[in-house]
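Going by the order they are written in, the chains are A, B, C, D, E and F; count residues from 1 in each one.
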């Protein structure tokens, strides 16, 4: 069943999110700091049985220069820098197995799939730890460090996302002038952040993005990961204001208001995990050219392979094939 | 938690399945009849954005010559017939989207992915109808026509599986002397049947196969699709003998007793859908060289990409790369 | 809890369903074709331990003349044709056991209980197969053939329903001038169709009818059988228009707009299976005399025996006792 | 799935229940006391639309002479006393609606359906209160008064069951020499008690009887109503001995050891509510001629109409038709 | 997620409850009758290992003079009558264990914790039976005797609650001029009733009170205990008017309209058990000084220890420390 | 229902756990390192409305000297050092609110309730972060750092537990010669570890302890927190050996084999969270005097207040009152 407002209401819904006044300074400082440290990017060829794709095990400096893992997949035999997709994955997963997720490279893109710090033990595996003091928190990542914007998990994760773009631009297979970011759910939030914060990004794909219009989201769904924030506030009853302040620095509606590259969104009207109105909130405030595909009968899987196929077409058009 | 016998018990469990005395005649007749009719195999190139893989939309004659769809994926630029994988998919799905499931072709195999008649509206889509009189049945496929071995759904499906091997051998990209069958769950049952019934098969991969030791399976799990048979017998209380007789013609333990090519199995000890003892039953009675990977902490997903990666290695070894 | 609009909103809710322009021609053709073939009606006395009711095993020609089973129950010792109830059953069930469902005959009616093709392995058993090509479909009946109005399951089922009325009129125990149709849920949808399409019908009883205002229904409930359509469209994302077109030919709101005999409806405000607004949609558009019983605290069982008792009174009044 | 011991184990399972030493005295005293008070049996004709069956609203004196309601249904036109079935209903229900449950009278029996004190607001309605001090108890009836055998709910209920037989024998439609008791679940327990305690009973039908081998039952299922006892003991941790002592007076295994009339049992191997071993426990200790129907694929519904149809045949044979 | 109206709607929601015209007479009669009978209050010292608190096992006359149990906990060494809290507990529980619930006495109050008749086998144990004829009812207490205001369970329970205040005033440790009532959920309803009906009450604390705006409550939640009333009316379809009439005598909105002492309420916006609008209904109609704490992210636990801590402060202020 | 072996089997069940050969060195090193750093213990009086108990906000150096919070509750007016209970709390909770958990101090003990690092956002709140690199992990704590015994969460937590004993001995209210440890579930595991590792401990109470016989536990339950380990291994299929090695350093069976002070255990036969056999495993291998209370009808709550009351008696006997 539809899980949110009516279709007519969705078409006009606007978020009343007020991001913190120092939002831009916060991110400028965070990124400057991240860029000031860490080891250089490395990309080690990985032996695989694949004959059509080369895979590289990449490590790059993320938040605070901490090492972040990624897979780089490149069509075998490419002779010059390629249009490139930097992909961020959904909540609970990691970069997965080297042999998974071959669509993008098989379609002719260089494909950098970023691992997700601390996650990667759910629907797909990861290899990157999250280094931090983790205050009292609900199980999961959504409330880790929520007491302070500087300590919050998603500050680190989104910084990694921006630095992944930086790292991609250093890889020989990548044409840094034809680079896009892409993700589903948590990955979609990262794509919106990178589109706003990383100048090298030329296009963004955000399928059912998470972290949009969070103050509303946490009151209209019981599903994880928004549920984690609700569970935290159900115990730490005196920290609502503090938590919402922190969340204001990572709300993808704020990133949408700052991004100007062409973007493709999707939304699913039976989505219980990222409720449709929250996706519309980001879409409506997005500053660049934009398109939204509405899946009326899907849950959080949204368009799945149909979203991916459309993304390939969209990115080919924007980046050139 | 473990869902079946102890590990020690599993290692010695043998099925007491008695297949019908005319089992071999039944299948010989069925296949002869299928091979006597139907239109020729066709393979139409499909335009896709892929640069590393060519995709063909295949139609071949299955049970009673009825047209069955499939995808053929071939590494672009292959210049001679390739080692080939015929893949059958799990319950509820179909051949999916042309852009999905690129591992096998990216690893250098010709890859024929058979659609599943009548299914293909669940976890992946399909394009092939099931043509039949469908007697009173529980929702799903597992009891469609169960009142008569000749009308039973799985007679048709398994015949399609054998005929897919026949069809593959007619395709130019395929080296008919280096052909294997592979599947997960329902697909694993089909692989075992094809290994027993299709002489061109050189190797088989059956991950957590369905349809094994059915008389036991339907009493030890509440999960679909075995549950469908239980639900049917809960209403048609007088048809247990009749149904078990029909099921005897499609039990993969009987196929395992007849197959002689090298085979790779996997089993998951926390699997509620194809309980471990039923997989061990097929494995223990398998006549050819065989290997079993045991996943102790997995449910029905079993090894997933790890099973696939191991299958690539196994098939490369058996078929030559 | 209430599962739909408020009580005030329900009282004014009207469907904006637009049935296909050739709706009437479609059904005229379908029925003409059905009436042109098939074997004659047969009614074989069934030995039972009952002393108050005689039971006959009936077979009549349904869609495309295909044989459909039914029970005819007649009060023992009736000496002349009786007022008659043709009953259709709910989703998943069949005509059941001969010894079940004795109310109507014990109340003095001839009672023809139609079997449901292909179903009858759920809450009650059946004996009638569904003969058709079944395209990729979700488990169950609601999406079987949904890709084409001519192949859709409910075209066949509703034709059977009309032909059951034809068949009843040929049975000696039946007074063809005093015949009503009755059903709950799926059976209620059939009753509305028969009331619109079968001129011999003198009254209709539709308790919480299914198949009403389908475009709305599939967006406001997660319960089966509407759920099947949602599940289908979640995978076949490109077939929404096609599916809704097909569904337009079987929507009971369209039948309600064409029926003129007296009718009794019931609706349950806590019904998750046939949401109240969809029942109101059919009720409000029903052309004949009509009455609606509202059960405020019931789910899909609605009035159950209270609905049945009221139906006996209503039918006695309309048909004469 | 099978919910209890293996089929081989079930065939040899014997309960080690030790009923209290004063079990027989307890019931003799209870019945003597009940028979010493209360108003006479009344049977008031009820106007109904039925033409084949007459219904009477019966009130008879039960435990402590308290008035208990029942329906008496008699085939219309019967001219002499009939073979009679006294029926007890399952947990949560009451005598239901006068127009329900017509099988037995339509099959030629006088049929007295006893209401269940205090219940009758669940799957069917009732009209009889339970008069008692109800100590701290879990929701439901199974722990009401469990602290004392004299105050326990099931002492009252089983006394009602015996007194229903007494009452039936006073009704003109009843042939007191051809009387049987019948019930499903809680009703089956009552039938076993009445078979042991009411000398006028000539046969008993106990389908999946409740209250058998209770000390085992409460440790092997989580389903209501046995669950109620577990929930009670989870809070009143010091009352296990006391509760088990009380339950010893109502365990149907003890009644089975004392009953000598022919009996028909049924058991369902996938029953979670009355686990199969507990039914076998009563069956194996039953002293009279006996028969057990095993439903391998059913839950607590067991044989349903098939059990009923077999019961009609059994009772016709034992009582004469 | 939020379980009821929007926050803006809640702030203006008013119940349209119409209590019965003889509401005040009903309660005056009931209390007069209760006060006319029963044994005197007793308070027996209980040996415990506690060194800071003395516990007494109290028995006092409740409805119809029936004996009701309670714990009295008093800070050891108190030398004069103390400010006092009479506490009522939530649905399913009883007075619990003597060693539980030490906050109030450790904070310097005399603390009388009333047992709940008939309950006390759920989340905490009790020792008090409910003496009554219990008509056909759903499992639990909420429909016991609902057919008649005079026989309804909550008439007895709320009378007990008022009589607990009377009893407290007779205990030497209690200063009858500084007495407050307090409760959560069912206990909050009792506190509102006592505030309205017991003149000695000086303050009331009602956390997420049950029994408010019942006609609305039973249509907007599926959770127990309101669910019990829905379940009852789903079977006894003809008793809605009768049941709502009975419920009118115990609706806490009516008590709120009659209470004048200072009161503290809490409400939880994600509460499924006592939906927020029903709590607002009581709060908005409360006649005395009042305060409402809104917990935005809590379910029925509401503020838990935070509510309790605030209640200590509130009561210290109102009663003096 | 019983969730594990039969009662007879439980009484003889022994774990075959083999702790790592360097188990004792591992803990000696860990504790030596912890004791070498960190700030001194502080205890700050907290203003509360309590009159019978004084509460202090304690901070002490835990693992690696990291600051750990605790509450110290002392009966007001105590004039000399008291027998003392150090309590550890269950999974998901923290030290809670200062006004909670007053039993132990009201019974005359000094009561130090340790906060749980990183947790404390579930059933009770906490205030202590967990400082660490958290590798890819399942949500929750049970797999944080599981790839390396030195990085594993429970190494840090159990070190905190031992250091809490050290800290208690420095507090003026505490008599270091009369100190016991106590906990439920995760807290029970900590109590066993402290009993083995902290020489000042004179008695231990472990109610349904977690972390016992882990290799078995993770295969026989689906409940969190053992489920977290299963979920981790379901994705990281190649890390079973590595994870089991790490877990060997924190298995409470190993601690039980090393502890010699008198101990009280409890076990619940319907516990799905810490399955009974795993508790018996620790109990049977415990080296000191020991007692086990068996709760036959409880889940993981086990004896709850009854366990606590018995613990008070046990500790009074062992420590002196």
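Throughout what follows, a residue touches a chain if its C-beta (ideal position, glycine included) is under 8 Å from a C-beta of that chain, and two chains touch if they have at least 3 such contacts.
Small disclaimer: the values here were computed from a predicted structure and weren't measured.
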{"item": "Reaching chain E from chain A through chains that touch each other, fewest steps", "value": "1"}
{"item": "Same or different residue numbers at the chain C/chain D copy interface, by half rule", "value": "same"}
{"item": "Pair from A-F, C-D or B-D with over half of its contact pairs in common with A-E", "value": "B-D"}
{"item": "Chain centre separation in whole Å, for chain C relative to chain B (CA means)", "value": "39"}
{"item": "Between chain F and chain E, distance of the C-alpha-averaged centres to the nearest whole Å", "value": "37"}
{"item": "In chain C, residues with contacts to at least two other chains", "value": "306"}
{"item": "Pairwise touch network: line, ring, star, complete, or other", "value": "other"}
{"item": "Chain D partner contacts - residues on chain E that touch it in the complex", "value": "92, 94, 118-141, 143, 231-232, 235-236"}
{"item": "Touching residues (chain side chain D, partner chain B) in the complex", "value": "1-2, 269-270, 295-299, 301, 303, 306"}
{"item": "Sites on chain F touched by chain B in the complex", "value": "218-222, 230, 233-234, 237-238, 240"}
{"item": "Complex contact set, residues of chain A against chain B", "value": "49-53, 75-76, 96-97, 99-100, 102-103, 105-108, 305-306, 308-309, 312-313, 316, 321"}
